[in-house]
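Look for chain A in each of the two complexes below; its partner is chain B in the first and chain C in the second.
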Partner chain A sequence: MSNEEQLVTITSQDGVGVPCKKEAALLAGVVKNMIEEEDEDETNITEDLKLLKVTGETLKKVVEFLEHHVDEPMETLSETPLQMTKLGECVGPEWYVKFADIDREEMFLLVKAANYMDVPPLLDLMCLAITMTIMDKSPEEVRGIFSKVNPSLAAPPQAAEADVEAAA
Partner chain B sequence: MSIEALPQGVLSTILSFLEKPKDVADCALVSKQFYDASSSDIVWKAMAQSIYGDELANETLNKYDGNWKAMVVDDNRLGACPTLFNIKTSAWKHNGIATHLNNSSHYYCTIPCIKWDRKNRIVRVYIDARGEMDLRAPVRSGIRLRSDDGCSQKDTSGQRFVSELKEETTGHYKGFICYLESDIDPSFHDVSNNTKGKCTFCYANLMQRSWADYEPVELFSFQPNTSMKDVFSNKNGKITYTSYKSPFTDETEEEKRWRFLKPSVRNRKRPSAWWV
Partner chain C sequence: MNDSKTSSSAKRAKLSHDESSAENKQEVVKHFQKQVLCEDALAQVLHYLHPRDLLRMSETSKALREYFTTAIIVTSAMIHGGHGATTIKELYKLMKDCSIHIPSPMRLLRLINGKRCEVCFHNKVNHVRPKTGVFACWICLTGEESSVFASNHTLHALPQQQQPLTRSHRTNLAKYRKNKKYEAIFSHSRVACNGYTKDTYVWNRKRAALPNTGDDETEEWIGPLVCYNDIDRMANESDRDIDTYITEELDAPQKEAYNEFVSVYEETEARAKREAQLRQEEKKAKKQKTIDNKLAKIQKMVLDLQALLDDRWSEFATSHKILPSWRMNRPGKYPIVDFHIGFVNDSLKPYVISPSKLKKKILKDIANQINENFGYIFESDFLSFHFLSDDGVEGLLKQKCMEHISSLESWREQRIFSLEIFELLKQEQYFQCLCMIERSIWSKLGFSSLLYCDIEEKLQKRYHLDTLATRVWDEEVESNQIKTLENLQTTVDICKEKVRHLMKVLEEYLVWKQKKEGDRDDGRDINVSLGHGTYSFADLLNKDFDSVYTQETHWTGLWG
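Right, the complex of A and B next:
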């Protein structure tokens, strides 16, 4: 059986099993490790891929991304930092721009999942999407966006303020 | 879930996509976590490499003891010069006509680039001047800042000429002429207060009067209220940086610079003086 037709099921923290092409699942470092370990034991690889830190909803999005990435890879960024202010100008193809058009809460969950599951392209895409939301914003506005900041932690050292101003 | 729940490495990655140092600075003021994330090398390395180019940034990192942030905060004064590339020629005029037009006599000064050396607060005008044996020395080459309305102007002579030739040859000068930064900065002289203007260079002539016997060439033009930074920025506000190294290492560039001469002149053999 070729890899493309093989399916694996990844199970989320809350017990939701999401089927995924094996080839796509291998893009996620954490799944790849699990599969490779199991291969050594010669057990059935379609079982027991449980991710303890990812919820079912997020996992579905991640799998959607992985499977699409297999068919149509995301174009990597040529240059950082960005010269552009729209996601569409620095990420292609179009599918990924639509994929990233989600609310901020979901973005954070996906970033966290991508970081945990070790999926660099997804991590890049989500980080970029978040970067777009804080670009050209004042500290107060950014604080507003991420409004759960504890005010007592919000005051930065004075020296830092001075040298970052010099940089600007 | 808030952004605080993200691992710090991820937050640094997010900030590393920001283009302007100012944006990163703003984010550093958001919270302690943002401040810590913004101090990460990932952020400043990406910033430095995008401003100065990967190669120049990596090469000059040792001047800042491996500290990327220090490099950006200092705008890499120690390792990077804002540079304007000007492949232009100040040619000797014979009876008022530039010699490359009639090829009667042969004295030319090509200018591959000018570099702003912020460490020493000077501007280096790189020249490659070639001619017959009596080619005059470059140090007295004049620079003129002049507003377009003609109301104000300032003439300046070179301070020093630094040769980059391995041995002295008659009829050939190659190296850079140093001008004080303050002599070239349009905002320093009220030249650019309300009007735009030009900065021109004339080989071996202190003043660019009508009797100057070399063709003046434009080094740059400037808009009202221009700072030195603006002078070295392109239309998109981006500055091209190069290292402090000599620009005279690329032979194909060199050939390109002299291509305007007819082959009969370029390849002319002259005892001891004519070179190309």
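Right, the complex of A and C next:
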């Protein structure tokens, strides 16, 4: 069986198993390492690909991304300095823009997952998406975005006002 | 002894404080990485952001601030351009010389986003001052107020208790000239100073940024390392050289500490230049697009207007030209098209600047006004000059007018049609209207020939007289505007008398010239000097023939 047809099942920390094409799964550095190790041991690779830091819901999204990326790779259309304020103008094709149109909390979870699973294109996409949500926002709005993920960030830093005065 | 004990215990306390604060920072960072964004992701997000967004991010949480490095801020400022890039450029010069206190990343962020003076918090500043690296206004920097206040009364003065940031050493004094060490100090790379005439300005005294912010555990020193008093101390030091003094006495950072800033700047410089060039090209293209769009809208406006005008003057009334390129630089402020007809231009000017403001009703009103005004010209049959008789001066004027200005097209290049002209036409004051058309019309009509028609025979060369008569006529018309027919007759009489007098002087001059040159007469012509040398004409009237002769030679040399 070729890589394209072969399926592997990746299991999340909460025990949800998500099937994924092997070719797509190899895009994730962590999974690739696991598969390579198992290949060396000549064990059954469809078993026991468990990720300890990714939840089932997030894992499904990552797999969705990986499988689409195999068929239609993502293109980054804009480098720094970003001239655009919409994600659609920075990445292509359109599927990726729709994919990134998710809750902010989910966005941060995907960043973590992409970083843990070593999926650079997903990390790039999510970082761009987060950048777009932060751009041209006031400190209070940015704090609001981060505090949803981490409530301890809801309080402003000391003397933030002093900085604002100096810069304004 | 006690002092040294206190000082060492203070240093120990500071050291342990620094260590504990560093540990705290580490904790905060770890917590942020665990809860919000991992380091790689955050670095990537920060890498995309504009300096303005970086500042806003820094105001969100302490944990985030810990991620702001000199590299991120310098790169962002350089790539995004603007005043922030200028600030970094100025700081680079000083950082390369290792002559200022190293700014922390947060201070860098404040500097590249700054808008107001960091000393008085009021006066507007664009970027850091060269040679000092502080974000200060001219008044706070120098204490000089008079010249600056003369041009801008909204500026804040330097508070009475506050000293300016810089102070000058009067380096032309003997003290500085005798001790050669001063010269070495002022030219040393780590001494930031600015020489201006006999003064050399240096940093007045050690100064901290934003005192009592409560955020930074330690004070951050800003500005140059070497202050006013250090200069004399260094000059009087016999044991240590300048470098050693700066390192030991001024507690200056090691030169390696400047490397991060310098290397990031140098690595990013080429990319920043490319980005700046791209931005400039984009800006240029955008401006050109704006101009092209505006011209297209104006063209449409003209066509719409022409459709509403009478055929007899529709083209004439809307004739226009596109203005030179310097006007194009600010198409939103200045009109880029100029209509030849004065009142049409006045009516359309606001809409040439902003074509989208022109509504159909306004265009219709403007068209009605143009039709009404030009209607008067044809209704009154003004262009046949029926209001002038066929005799004497009037007759001559009529003849000249018929020859030169009997159709609208002959007036095309003149901005003559003000609303006042049409008011005069309405009131049937035709001659005043003719006089108002344009003062230069009298020259155009060639009226000067009238002034010497009865004395022409007496002079050998006719064009001497023509030159004189034109000058006399122009001056007279300039000083005494012709508004009535009587006025015209009087002006003609006055000018004739002046020409008659001047002709005698001219004859005397020609005789004098003949005597002076004798056989050497090379045929140089007085016409040259009269035509071009303003002073020679006045000198001729004063009978200062030598002067005329000299100038004539000069002009002949130039034009011959």
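Going forward, the second predicted complex is superposed on the first by the 144 of 168 C-alpha atoms of A that agree within 3 Å, B and C clash if a C-alpha of one lies under 4 Å from a C-alpha of the other, contacts with A are read in each partner's own complex, and residues count from 1 in each chain.
The definition used in the following text is that a residue touches a chain if its C-beta (ideal position, glycine included) is under 8 Å from a C-beta of that chain, and two chains touch if they have at least 3 such contacts.
Being a predicted model, the structure only gives us computed values, none of them experimental.
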item: Contacts of A:L7 with chain B and chain C, given as first, second, both or neither; value: neither
item: First, second, both or neither for A:C127, with chain B first and chain C second; value: both
item: Touching partner for A:S138 - first (chain B), second (chain C), both, neither; value: both
item: Chain B versus chain C as contact partner of A:V111, first or second or both or neither; value: both
item: Set intersection of chain A contacts, chain C complex versus chain B complex; value: 80-82, 108, 111-112, 115, 123-124, 127-128, 130-131, 134-139, 142-143, 146, 149-150, 153, 156-157, 160, 163-168
item: Residue numbers on chain A that touch chain B, as the complex places them; value: 79-83, 105, 108-109, 111-112, 115, 123-124, 127-128, 130-131, 134-139, 142-143, 146-150, 153-154, 156-157, 160-161, 163-168
item: Touching residues (chain side chain A, partner chain C) in the complex; value: 80-82, 108, 111-112, 114-115, 123-124, 126-128, 130-131, 134-139, 142-143, 146, 149-150, 152-153, 156-160, 162-168
item: Touching residues (chain side chain C, partner chain A) in the complex; value: 31-32, 35-38, 40-41, 44-45, 47-50, 53, 55-65, 79-80, 106, 110, 113-116, 118, 121, 210, 213-215, 275
item: Residues on chain B engaged by chain A in the complex (per definition of touch); value: 1-7, 9-10, 13-35, 38-39, 46-47, 50, 69, 72-73, 75
